[in-house]
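Alright, structures below, take your time with them.
One chain, subunit A, links the two complexes that follow: it is found with subunit B in the first and with subunit C in the second.
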Partner chain A sequence: MSGVLLVFRKDVRRLWPRILLVVGIETLGRWVHPAQPNVAGALINVMSLEALAQWFLIASAIHEERLVGDRQYWLTRPISWRTLLAAKLLFFVVFVHLPVLAASVNGLLARGESPAAHWAGLAMVQFATLGTVLCGAAVAAASAGMVQFVGVSLAAVMAPAVIALLLASRILGSDNMNWGGVEWLHFAAENAVTIVAASAILALQYSTRRTALSRLLLASLAVAVGLAMWAPGWHAAFAFQSRLGERAPDSAVRIVQDSPRGGELAPLPRSAWRGDPSAVEVPILVTGVPPGMAVWSDRIAATGVLADGSVWSSGWDSLNRLGNAIMSGNIASGRTTREEGMLPGADPWLYLNVDPYFASSDYSAGRELHATMALTLLSSEEITPLQAGGGPTRVPQGGLCWVMGMGNLSILCSWPAPTPGYAVIRISAMGMPTGFEMPLLSERLFGNLSYGPCTNTGGLWQTVTGNVVVSAGPSEILLVTRRAVAHFEREIEIHPGGGQLP
Partner chain B sequence: MTSVIRAQGLSKRFGRTEVLNGLDLDVPAGSIYGLLGPNGVGKTTTIKVLMNILPPSGGRSEVMGTDSRRLGPGDFTQIGYVSENQEMPEWMTVRYFLDYLSGFYPAWDRALADDLVRAFQLPLGRKMKSLSRGMKMKAALASSLAYWPKLIVLDEPFTGLDALVRDELIEGLLARAEGTTILISSHDLAEIESFASHIGYLDGGRLQFSEELEALSARFREISLTFEAPPALPRDWPATWLQPEIAGPVVRFIDTRFDEQRTAEEARRLFPEFRDMAANAMPLRSIFVSLAKANRDGAR
Partner chain C sequence: MSRSLRIFRKDALCLLPQALVFITLMAIAALRDPFPPYRVRVDAAVTFLQNVSPFLAVLACWVLVVSLIQEERLIGHEQYWLTRPYSRRDLIAAKAVFLLLFVNLPLFVCQFVSVAQAGLSPWHWLPALLWRQVFFSIFCVLPAVALGAVTRHFGQVGTAAIAAFVLLQAGTWALVGNGYPDWGGYDWIRTCGAALVLTVGMTAAIALQYTRRRTVLSRGIVAATLALTALAAYAPIGGAAFAIQALYSRQAVPASTLRLYYDASRAGTHPTQYFSSNSDPDGVRLEIPLRVDGVPGVESVAADFTSVDVQAPSGAWRSGWLAFHAFHGLSEGKAWLTAFVDPEFYERYKDAPVRLSGTVEFTLYRRVGTIAVRSVNVIPDVGLCLVFRSTMANSAELHDATCYSPFSKLAIEHRGSTDTQPLGGSYAPFPTSLGFMPFEPSTWRSIDIETAALGLPAAHIQRRFEAGGVLLRDFQFR
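Let's look at the complex of A and B:
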């Protein structure tokens, strides 16, 4: 029997109670919860323990042949570091990766979904798990026992990462922290860096047992990953995403300034747009959107040139949006607000946050404003009636939705990735404006919904919830979903007619 | 005679503490080499550097012709290493421990392993953590002899063991390691003087001497010179004559390079008037005490 199998078999014999514990948690988290999210609230806590449980098992396996110290019996036995490392990796494949895969497949089967249809999502889950496994293994390799493992995790990984996060959040803007629909690519890049770096640290520690250096590298990795959360590159990720989608349907979409509706940059009251006095809105005209389809605005980069030649650029700002003036938002007042990001609709607008210097400069002296828009084409809407108080309702793209409560409605939907690109709940009830739309996927508005084959954190299942209070029982609850079909960019030249920006 | 272990100018530093400082060592093939020295002088560090458990800070060493820094799994199939502070897999039974290790050694001799288990009366079904210290050492030794290693390295193997267990270990070791090179460290000469063929004395970070036990015994003598009247010690006292003392008409010292004719001639040169000279053989313990004292005094 090869050395790898000898070590593997020995580890199984030694660690089987811990293996059962971790596999049990993985099964509960990935199988039961996606299938029964309404009854498994308590299991969410179990699910959150999954990473901790995996790290516990990983550290246990690594510490069976501790690398830190000089008294271990195996150091003078004919066991090569490659054999040892291969045995540990085999252990992780069998007792971390395979149970995660099996539980994920079971979760899909329990929902009547074909695993083959979600192969990319399953692969991404394995990829995410690999990052967790190798990072845990690298920390364990640089620690002498469980107490030290926790200490090294906190001192060499958590602390540098938190410090990097705090520094980056002060120095850099928030836009780079969340890449919206392409955040899954951000996560994938970070995870790839983690995998490569953790593999290098593991190889170094196993081959040379230079613990101090390994810990230093771990801390460096933590700082790098912390800073990488603010890594620029959103636009590159969006461009990559656009290559993955369909290309044809978006070709006819045109966006131009709608001069007849004003033609000027309208000064906005402070309360109208995020309370920012430097915000402007531009009336626009959208044409060429295929019938029934819609366009979602992801980010917009605006560039301004003043008469004196000074240039201002917003970068790819998630606060810059296209939007419709429709009924949405506050139920009690029922007032009209802008639905951010959705086109076409009534009176579409381009909302921009401009630089205060640019905004306050002499408008009549002449200046140019140019915007590049990153857009996503959404499919025709699919409408599914939901039943209040009943069992789950099957919804498009393999999802299930529950509506709980009467006056205070709690709506929960769960989809395997890829999720719909857009989803709202449309409710008709006494005392509510007709056609009130509740954005179910609050993550949609805040940019956390993934366009990729997995969720933004590498998971397979996206669970979203929404709450709405209605005075009387709703007469109709509809789930409206759209798929993300294509991603593309358009440019617009804004021609101000004169006046002074706010 | 070829050397199985050879070190030249070996040094090892832990932070600012220098434990080994230019250590030279030769362990001849087939010898039972006792590495002696007081506690804390670096015997364990020397062995760990030789076994590639710790990297040296300087110098070089070879074990069975391989640079010790490159000692790997292939070499360890021919080396048995047992240390008093070795961490063993406490959860394993003795049987599983031996079975597990047997898979890593192509030359593992199951019959020899069974023989060792019987000789050491090892309780196969008991877990390592429940074994006494002596039993653990026996299990470790059995697991290090069962593949006929060419080199056995024992680091303070008898520390804390009673005489009976120690004798059993020595008996088991010698009976099954004939022709094998053995390096054994100890701070107590009495533990190894009965079977060691070579002795090295480590102090001050380097080997103070290293030679065959018989030669060592032969060159150390306690010399007594008898005079008519109490003499005075000459200024040019030989460096190889240790611990001189005058007790009335008798001068005593330890000659570390004893040769009957040469010692008598040198005594006559320094003390023309001495009446009688007696040279008494010394027990090894006394030799080491003398050396330790001489080193300590030299350090002052």
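Let's look at the complex of A and C:
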């Protein structure tokens, strides 16, 4: 133990300027920023450097007793590799993990949040940090100096990862990269793979100093992580997420095809559906949603039988949605977009991205499409009027929002995870809703919706921004949020002729 | 000379892995599709790669350059080359040749190929590509050379780079907060100022270090140069910039063109159409009626910066130079100038006679063509223009368009409307951007394809108007 402390003390004495620099960046990002997210700008730029700075410190510590080469002082001293590894791990715990934890706890306290209520988020932050630390340490252990560290990072880690990434995206499809609201589970799986593999590489390099093998394993790890970014498994993650949620009154929700509306046109022109020529739009009827609550459509998988008798399946395609038209964006320009999801008070539509056969005139009677829908039950609206003028407004789920500007509003909100399952800015003019809503949290538009105890990248805070121009007289700016209450699935049979074909 | 070549050959052998990593990443960054067409599904892997490759290429470039300089470290007394018959001139020549062959030349070749691949003639755009090399060298290579020369090893470089980044961010935050002073098309003047500061300071530090090896002084010069460069890069716009820009007007403009007067006959009236955007300043919106004589027939007109001053009996308000859609609605010799006045000042003086004056910086655009309804248009002197059906709902007649080239200076004008929209291009006489990709960015615009015309900036003029005894409340826009 004394050997461990001796090496640790020596490292601290040697590296204190770098330690101060890195701890300063960690503190700025995780303590100061949550308290004052409205003074973003330069702070966000500094925060973007955090992982790079941590890797720099980690590599500096590892290279103090290099593992590559035969002339290092420690090889001829009575210092075992276990002592060395323990000293380095202690260094990382003290100067990376503890500052991150302390800054995260202080960030919560600065916002008036109880750290105990966010223990899962804090644990996820430590888990994410562990991935960063061990991966950096493994790369540093397999390199002889700082230049080699950058070289190994780029050549042995980045290059194989990128090649795997490109191949996987071709083979497995782009949809698997972002798992939407359950992306945090995707991130956790990738991070777990990184932690296990990096630990093994670190142990191997410290115990045997077989650098070539370690570099080969690093490249394999990079390939594994590159592939994991495209790993299929969205449905398994959604099923896992649904077990984590409350057992809410979702059983009464029924979804069927709305045959009487079969002749209606879909609410927006096809150009709004990204001009996809293979989309079908089917009117549906939703019943049994508890009063005030809403249902959000995550993904839909469709299957059908083609003319030759073969079975076609869309998989859990992120373009498949239930939805209704919501005006959003800029009031002055009248810009509109379709926001996916399904809210009460509108006639919803089912949008399916299908095999061209189903969208063609050859689509004969008697054949059916079967769709399984993954849905999220959202709580009743929580409406918070936001104060203009730059001061913060407290909003549900521990959030704070700032509205800056007068006619042209910059809105910034920040929540500790778990964030709301739905958040939009609604503008009322003269007490009347203008019909415009600007989404703040959205899987498709921003990729920032998370149902988990952390953000999609393992962080504790979700900061979102938006701009609205208000020029139609005195306006009220409302933040409308809903909590994600439960996640469940429903099935629907779609009969031909009941939908709007292209 | 043979000694220089020997050092160069040794460096090339030693640093080949670093050079290959840099060239690979730089090629990915330079050869990427500048504006991939809209797709139902964007290839996330390609997007990810294209987003991270410029950052990684800069990192690899810095590693290569710093490694090159530190092959013959300048700090310390135990380096091998100090006891050999190497002159500093040999050393500098060897390093310069390496940088030209392993950094600048590969980048130039990639950019040349990228331009040809996009469907433009690289020979036509050769001067622009060469200018890009100048600014790339100043902003990317020179600081790395200086940092390598004043540090002992890569650990010091990392510490210095991270600390400098944090300090510069803190300094610029203290200076301008979140509001980056936008210079629009005039930004090249500020970029040139920053480039000049950087070149002088870094060259002085490098020369001092190579000739005298006075490390402390050289480090001080590097730190001061970085601070001064940040100051120059974040400076607010001023009258000097407009004067410099006017020197580079491509055509002479007679004094009778675009004369502005306050139009007292329309006091109390308001424009029927107005434009509002996120770049509008805050305050009470005033619409000042103007009369405009000498509107050019051939060129189209865009107003860049405007400034409004109000002199009240016991106080004054100045807008400063602002860039938003302030000068608008030019039709039949009439136009409007928007100003957002401080609410407190307005309430105090809205009913008192005040003296009003304003200045508008105009750019005249020479029309160079139109965009046809096809996906890609090659337009001489402009570059490539892409046109797609608008993603906006209910917009059958609207298209999204952008144009790009190694030297973008374009505006889009709608015939029948005088509100010419610059596409984010520069008014520079030569390109000053320094990215790996050889194309300068321009923004996507929603345009009516039937009436849109393309224009290139031809002249820059400043016009001023004054009016006495006016009431601010006559101008308040409700």
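Criterion: the second predicted complex is superposed on the first by the 441 of 502 C-alpha atoms of A that agree within 3 Å, B and C clash if a C-alpha of one lies under 4 Å from a C-alpha of the other, contacts with A are read in each partner's own complex, and residues count from 1 in each chain.
By definition in this document, contacts are C-beta pairs under 8 Å (C-beta built on N, C-alpha and C of every residue); 3 or more make two chains touch, one makes a residue touch a chain.
The structure presented is a predicted model; accordingly, all values stated were derived computationally and were not measured.
Peer 1: Which term applies to subunit B and subunit C once both are placed on subunit A by superposition, clash or fit?
Peer 2: Superposition result for subunit B and subunit C: fit.
Peer 1: Quick one: is A:220 in contact with subunit B, with subunit C, with both, or with neither? Answer first, second, both or neither.
Peer 2: In the superposition, A:220 touches no partner, neither subunit B nor subunit C.
Peer 1: Taking the superposition on A as described, I'd like to know which of subunit B and subunit C A:70 touches: first, second, both or neither.
Peer 2: After superposing on A, A:70 lies in contact with subunit B but is clear of subunit C.
Peer 1: Quick one: is A:27 in contact with subunit B, with subunit C, with both, or with neither? Answer first, second, both or neither.
Peer 2: Neither: A:27 stays clear of subunit B and subunit C.
Peer 1: In the superposed arrangement, does A:6 touch subunit B (first), subunit C (second), both or neither?
Peer 2: Only subunit B is touched by A:6; subunit C is not.
Peer 1: Figure out whether A:405 sits in contact with subunit B (first) or subunit C (second), or with both, or with neither.
Peer 2: The answer is second: A:405 touches subunit C but not subunit B.
Peer 1: Does the superposition put A:199 against subunit B (first), subunit C (second), both, or neither?
Peer 2: Touch partners of A:199: none, neither subunit B nor subunit C.
Peer 1: Of the partners subunit B and subunit C, which touch A:178 in the superposed model: first, second, both, neither?
Peer 2: So A:178 only meets subunit C here.
Peer 1: Which one hits more subunit A residues, subunit B or subunit C?
Peer 2: Touching more of subunit A: C.
Peer 1: Return first, second, both or neither, reflecting whether A:80 touches subunit B, subunit C, both chains, or no partner chain.
Peer 2: So A:80 only meets subunit B here.
Peer 1: After the two structures are laid over each other on chain A, how near do the C-alpha atoms of subunit B and subunit C get, in Å?
Peer 2: In the combined three-chain model, subunit B comes within 11 Å of subunit C at the C-alpha level.
Peer 1: Touching subunit B and also subunit C: which subunit A residues?
Peer 2: none
Peer 1: In their shared complex, at which residues does subunit C touch subunit A?
Peer 2: Spelled out, the residues of subunit C in touch with subunit A are 17-18, 21, 24-25, 38, 40-46, 48-49, 56, 59-60, 63, 66-67, 153-155, 157-159, 162-163, 165-166, 169-170, 172-173, 177-178, 275-280, 282-283, 285, 389-396.
Peer 1: Quick check on the complex: what are the subunit A residues that touch subunit B?
Peer 2: Touch residues, subunit A against subunit B: 1, 3, 6, 10, 13-14, 66, 69-73, 75-80, 83.
Peer 1: Can you tell me which positions in subunit A touch subunit C when the two form their complex?
Peer 2: Residue list for subunit A touching subunit C: 17-18, 21, 24-25, 39-43, 45-46, 49, 52-53, 56, 60, 63, 145-147, 150-151, 154-155, 158-159, 162, 165-166, 168-170, 174-175, 177-178, 230, 268-269, 271-272, 274-276, 319, 332, 335-338, 353, 405-408, 410, 467, 469, 471.
Peer 1: Name, in rising order, each residue of subunit B that touches subunit A in their complex.
Peer 2: Result: residues 48, 51, 53-54, 72-74, 76-77, 79, 81, 83, 85-89, 91, 96, 100-101, 103-105, 140 of subunit B touch subunit A.
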